[in-house]
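Letters A, B, C and D mark the chains in the order given here, with residues in each chain numbered from 1 onward.
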Amino acid sequence: MADPVLSIRDLSVEIPTRHGIVRPVDGVSYDIQAGEILGIVGESGAGKSMAGNAVIGLLNPPAHISKGEIWLNGQRIDHLKGDAMRRLRGKEIGMVFQDPLTSLNPLLRIGDQLTETMMTHLTISRAEAEKRAVAALEEVGIPGAAERVNSYPHEFSGGMRQRVVIALALCAEPSLVIADEPTTALDVSVQAQIIALLRRLCRDRGTAVMLITHDMGVIAEATDRVAVMYAGRLAELGSVRDVLTHPQHPYTHGLMASTPLASQGKRRLHQIPGAMPRLDAVPDGCAFNPRCPHATDKCRQAPLPRLSGGRAACWYPLVDEKVI
Amino acid sequence: MSDFPIPVKPQSRLRIALDSDLFYTFRRSPVAMVSAAVVLVLMFSAIFAPLIAPTNPFNPASLNLMNGFTPPMTPNAFTGDSFLLGTDDQGRDVFSTILYGMRISLFVGVAAVFFAMVLGITLGLISGYVGGWTETIIMRTADVQLTFPSILVAMLIFGIAKGVTPVEYRDQMAIWVLILAIGLSDWVQFARVVRGATLVEKNKEYVQAARLIGRTPGAIMLRHILPNVLSPVLVIATISLALAIIAEATLSFLGVGAPPTQPSLGTLIRIGQGFLFSGEWWILLFPAITLLALALSVNLLGDWLRDALNPRLR
Amino acid sequence: MRHYLHLAAILAVLAPTVQAEDFKWAVTTDPQTMDPHAVNSAPVLGFLNNVYEGLVRRGKDMTVEPALATSWEPIGDGQGWRFHLRQGVTFHDGAEFTAEDVLFSYQRASDEVSDTRSWFAPVSDVVIVDDYTVDFMTTDPNPIFPGSIANWMIMDSGWAEANNTTLPDKENGNYATINTNGTGAFRVTAREPGLRTVLEPFDGWWGDAEHNITSAELTPIQNPATALAALLSGDVDFINPVPIQDVARLKENPDVEVIQGIEARVIMLGFPHEAETLKYSSETTDTNPFADVRVRQAVAHAINVPAILQTIMRGNAEEVSQLVSAAMQGYVAESAARPAHDPNQARALLAEAGYPDGFSFGLKCPNNRYLNDEAVCQAITGMLAQVGLNATLDAMPVQNYWPELRADNYDMYLLGWSPGTFDAEHPIRFLAATPNEERRVGSWNFGGYSNARVDELLPLIQSEIDPVARQAMIDETTKILQDEVAYVPMYVQPLVWGVRSNIELTQRPDNFFLLRWVTVN
Amino acid sequence: MLAYIIRRVGQSALVLLIVGLVAFSMFRFVGDPIDNMLGQERTAEDIERLRAQLGLDQPFVVQYYKFLEGAVQGNFGVSYRQGRPVAEILLERAPATLELAMVSGVLAILFGIALGVFTAIRRNGVLANVIMSASLIGVSLPTFLIGILLIYLFSVELGWLPSFGRGETVDLGGWTTGFLTESGLKALILPSITLGLYQMTLIMRLVRSEMLEVLRQDYIRFARARGLRDRAVNFRHALKNTMVPVITVIGLQLGAIIAFAIITETVFQWPGVGLLFINAIQFVDIPVMAAYLMLISVMFVGINLLVDILYFFIDPRLRADRSGGH
């Protein structure tokens, strides 16, 4: 196996608050290979976006990386500051946000936003950048790209805007794309198109993708591997087929059981009792223990086993319990 | 961060207040605490001026003209009386006059802002909630009002009020006219903010629900919409208070302020500026410092409040 | 779009003229018109005295001296006055001054639309005897007539006709509102109303120049602090007035000098003699205590004038007991004593009049008319309160003040009076005589004070030629007014001018500033 | 767009009419012009005659109608005080006020925007916080006091700058300007600081809060995520987006500058329309007051219109929206 494009090692993010320090990302490790799509899934507040923000260096103060390492193409980037980090953004790491309606500057033509980005990172002339902007829009499937470069964002529909956003994220040809809930704000009808587009572009270019979502459908459809996060920690990490069909962590299991998958047909959905803990009140031991049907005293007291070799961070991984 | 699940458990009001984010950020901001302390001290001394002040400068019978122009903490050449901050041209104790003057300034400021707030909120709620012609009329009126510089509005109102008030009441009217004048020149921004917020809120589910279960528009506006627009209103109110106090001083300079026998801080400054070159600096300096401290603290508090009430800026 | 440039103007500006004799001064109120007959007000007449001249003028000590007339004498037994005109005088535009201009100026100044009309009320006819002799016929003997027309300025008849300004026009203005053509020592070279007025010496002036200025500029500055700053920083050479409170400080400043004098203006309190009830009392609503002379006496005794002069006026004013100051003709020296400040006596008088606990009432006061008027009224309020007279002070700008007084909206008011004729008859006519439209008397007697003997004496005073007999009648009138406390005269407003130390000038008691007495060193 | 402008102009005309009516109804209370027009020795008869001549004995609605009749023909009457056509006087005085307002406005806008951006970007910096707090001093003291203190310091004590007036002016075909002479420029300094300080503080604070608001928008995060330089993010992306509300307020503040010029002009004896207005009040010069208020209203209405038109150029979204009416 080649070196991963992105390698996160034991990453923790901390936010000091009046209620004490909270850790929205706590000891997380995973790799993404070139051309691979890694899905990050979890409830809101589970720390999945925070991890993405940590990678691209856009944590909002006072949030900061407190521990761990981030390696990008063999270069350690978690300690980079200011301009050094800025050069990586867009150039090495592209990012797609959730809401295409607010991701584009309403006052600038999309062509300008594209050329501006390219000219920041690539040593090309304006004319060349303009040419590439049209090509980039064509690539993401915008009809009449040559004219639409002069349009303003409000002249596009939501799905089209997200295509523009993807074009923007990819225009400097980064090796990693972080897509933070890229379809959540879109109509169901265009979600699949966008996912397919993202998948196609990255496969073609060999771009690594971190696809953050809470939508199991998107995970099933688009990703190669999946990381399940709970209360800032990695609960389970494995190939998408394994995790979806044979979850080992009780939380993943519960999550799968509560997700309506097309294959399942009509059936009463399962609910996980309780709610994810506040980040300033994560219980000792396994964070999931208050809600876990299998929890023992060990789960409540002993420090959580870190995910290393195995798939699930659990004392009692479920073995071959199919979700039906 | 705002999407962290927040537990709901019953708490006393005080507990809620002390536990609130507002109080927390307050404790973390030395500027806010100092400003609040200054405002509190000044407000306290204004309210209890009759108890604190050594003399009552509003009682003409108690004044001794020969005490006029006594420098601070220096015995008067004729009467031998000594005053902490000196006396003004009428022999009034500057310290007492400041306390009493602040009373008037604060009263005018608070009342004017309150008036502007009530008017602005009412009209803003109505125009936002009812819409249609009512909205057009209210908001066009607001435009006309904005068209007119606030000091001119205040001067016009002052002129008209002086004219229409029966002569017997005119003397007591000055203060109320000031309140009316400043308040009327200030309601528009409240109305605009409230209207904007109302437009947003009225389409939210909870308002729709309240409407469906048959709440009257008045009740919906008061119980459901109003609480949601209060924080921007509070911010505007704070800053308006400082502006109102200054506006009162400016009007006084233009000769339409508080009567000289019951001077406000602004009137004191207007009077005091006449002694800037003559060496009686204390007549101007102390009221000016007081006004500066008051307005500055209120402004700083307003600043802090704006940031504190806007969770996204925190 | 117009875009041409006055190159010459720029060059003139960029190369500043090096003339030490440029003189700049600032006053509170701009002369509102350049027409000498349109408005009878001190700012206008004072300024225009530099530009226009009358048959007679007043000297540095207010004595009447020859100007465009070289001499004058009574005609017969008080039928009028004959004026012999100065020959060889020319107007600024070069026209010659003759008797024709005097007659024209009489007609212009005495017309119904002219504000100066009242000066000529005693005149029945004006007759040109020859080119340089004019007779003024009066209805009654008029001993003070020459002095009473010292501010009547002569305008060139030809100029007025040519420029269609044979009558003043207050409402719409006309040529003479902005332009001037006098015989005076200075001519106006630039006039921007409300902003600045520039004068230059008139080369063809008949008199001998006592000044050395080559150019003078008047700027009205309203805010006293700004005016003072302008003087201190040397931006102007002379300001009038200097705020009283700044006098002491200015005296210590070596760059600046203070010139003080006693003005003609007497500051007094007035009463609603005629009113049935008080207007602003909270408890005394069915009667008018001020109709009782004892109450008015109490007021006079309650006011501590020396204290006002000591503090508010900073020792720069003099107290006064009658309607004219000591500098005026007809001043009664033996009646010079003011009622003493005596709160106890005031209280006793009030008790005697039936008001042992005093009463409340409203005191009206202007706040931009007289020197420190508002502060004085405040002080008066305090002093009256000490004897139980609780005045509510309502101070207002003068534009609101006169209408209030005319509408009788007061229980007591502050008034300043400056006799335009410098004679004691003037305030008697305007303030003491029973108001009478037809006889044109008592027009400023807001309170309607009325005394039959005063009304009887006034016409006699006006026509008495014998100075001794005339003075006796003035004495009697003064005594009556004092006894009845028709008014409470308090002090004479001080004249305080501030000049840069390199300037020499003369302060005339009527507060007129004359450029022809200015020397720039 | 054209329909929109026409409708706005129509509304503006209505606003002007109302302003005029309000103004006329209040003139009765300002005082009586008669006393200033007649001397000490006037009689009651003189007063009545002059009042009738001026039409002051008529109901104010009639006076208003007559004023409108004249105003439509460009005739604003004759000043009671100066006996000259009001239009002429206003034209004479307008350059002084406009130049002062312009300089103060430019100062306020330049410094306001620069400091606003600075304090927003360095939100938690010490210097930014000091600037924020210090700027409040400018709005915590009345303008007239600031003006007097400036005069005291720079004219009287230091003697650097003139204490009053406009200095030498140059006549450019009816427009007198103080920009071309040294004394004219010097004379501008203190008044424009006095006048602009308040507006500068206001603009600065507004720019700051709008910047903070914009800086947390997704498209700014997205711009940062694309690795754009800080300068591009802060100015090209953020500042431009703050401009719509900022321009609105600046527009209104320009009007306020002209209104507040009343006080500054009084303190500095600045020969502009504000001083004229204050004098007019003092002398109850009704034609001047009426014309001044109309002038101010026209300016405001014009500025508002201009601001709205500016929006079109700044915000492409409005170009689409407005055609349908708003």
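Everything that follows uses one rule, which is that contacts are C-beta pairs under 8 Å (C-beta built on N, C-alpha and C of every residue); 3 or more make two chains touch, one makes a residue touch a chain.
Only a predicted model underlies this, so the values are computations on that prediction, with no experimental measurement involved.
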item	value
Chain whose mean Cα position lies farthest from chain C	A
Two chains sharing the most contacts, counting C-beta pairs only	C-D
Chain with minimal offset from the mean of all protein Cα atoms	D
Interchain centroid distance [CA atoms averaged], chain A/chain B, Å	50
Rounded Å distance between chain B and chain D, as computed from the means of their C-alpha atoms	24
Separation of chain C from chain D, taking each centre as the mean of its C-alpha atoms, in whole Å	38
For chain B, residues contacting two or more additional chains	162, 273, 276-277
Overlap residues in chain D, where contacts from two or more other chains coincide	30, 148, 152, 156, 266, 278, 281
Contact set on chain A toward chain D in their complex	56, 58, 86-91, 93-95, 97, 99, 102-108, 116-117, 120-121, 152, 154-155, 165, 168-169, 172
Chain D to chain B touching residues, read off their complex	11, 15, 18-19, 22-23, 25-26, 28-30, 129, 132-133, 136-137, 139-145, 148, 152, 156, 209, 212-213, 216, 252, 255-256, 258-260, 262-263, 266, 278, 281, 293, 296-297, 300-301, 304
Interface residues, chain B side, partner chain C - complex	59-61, 63, 65-66, 68-69, 78, 89-91, 162, 167-168, 170-171, 255, 259-261, 273-280
Chain D residues within the chain A interface of the complex	217-219, 221-230, 232, 236-237, 240-241, 314-317, 320
Contact set on chain B toward chain D in their complex	31, 140, 143-144, 146-152, 155-156, 159-160, 162-164, 242-243, 246, 249-250, 253-254, 266, 269-270, 273, 276-277, 288, 291-292, 294-296, 299-300, 303, 306, 312-313
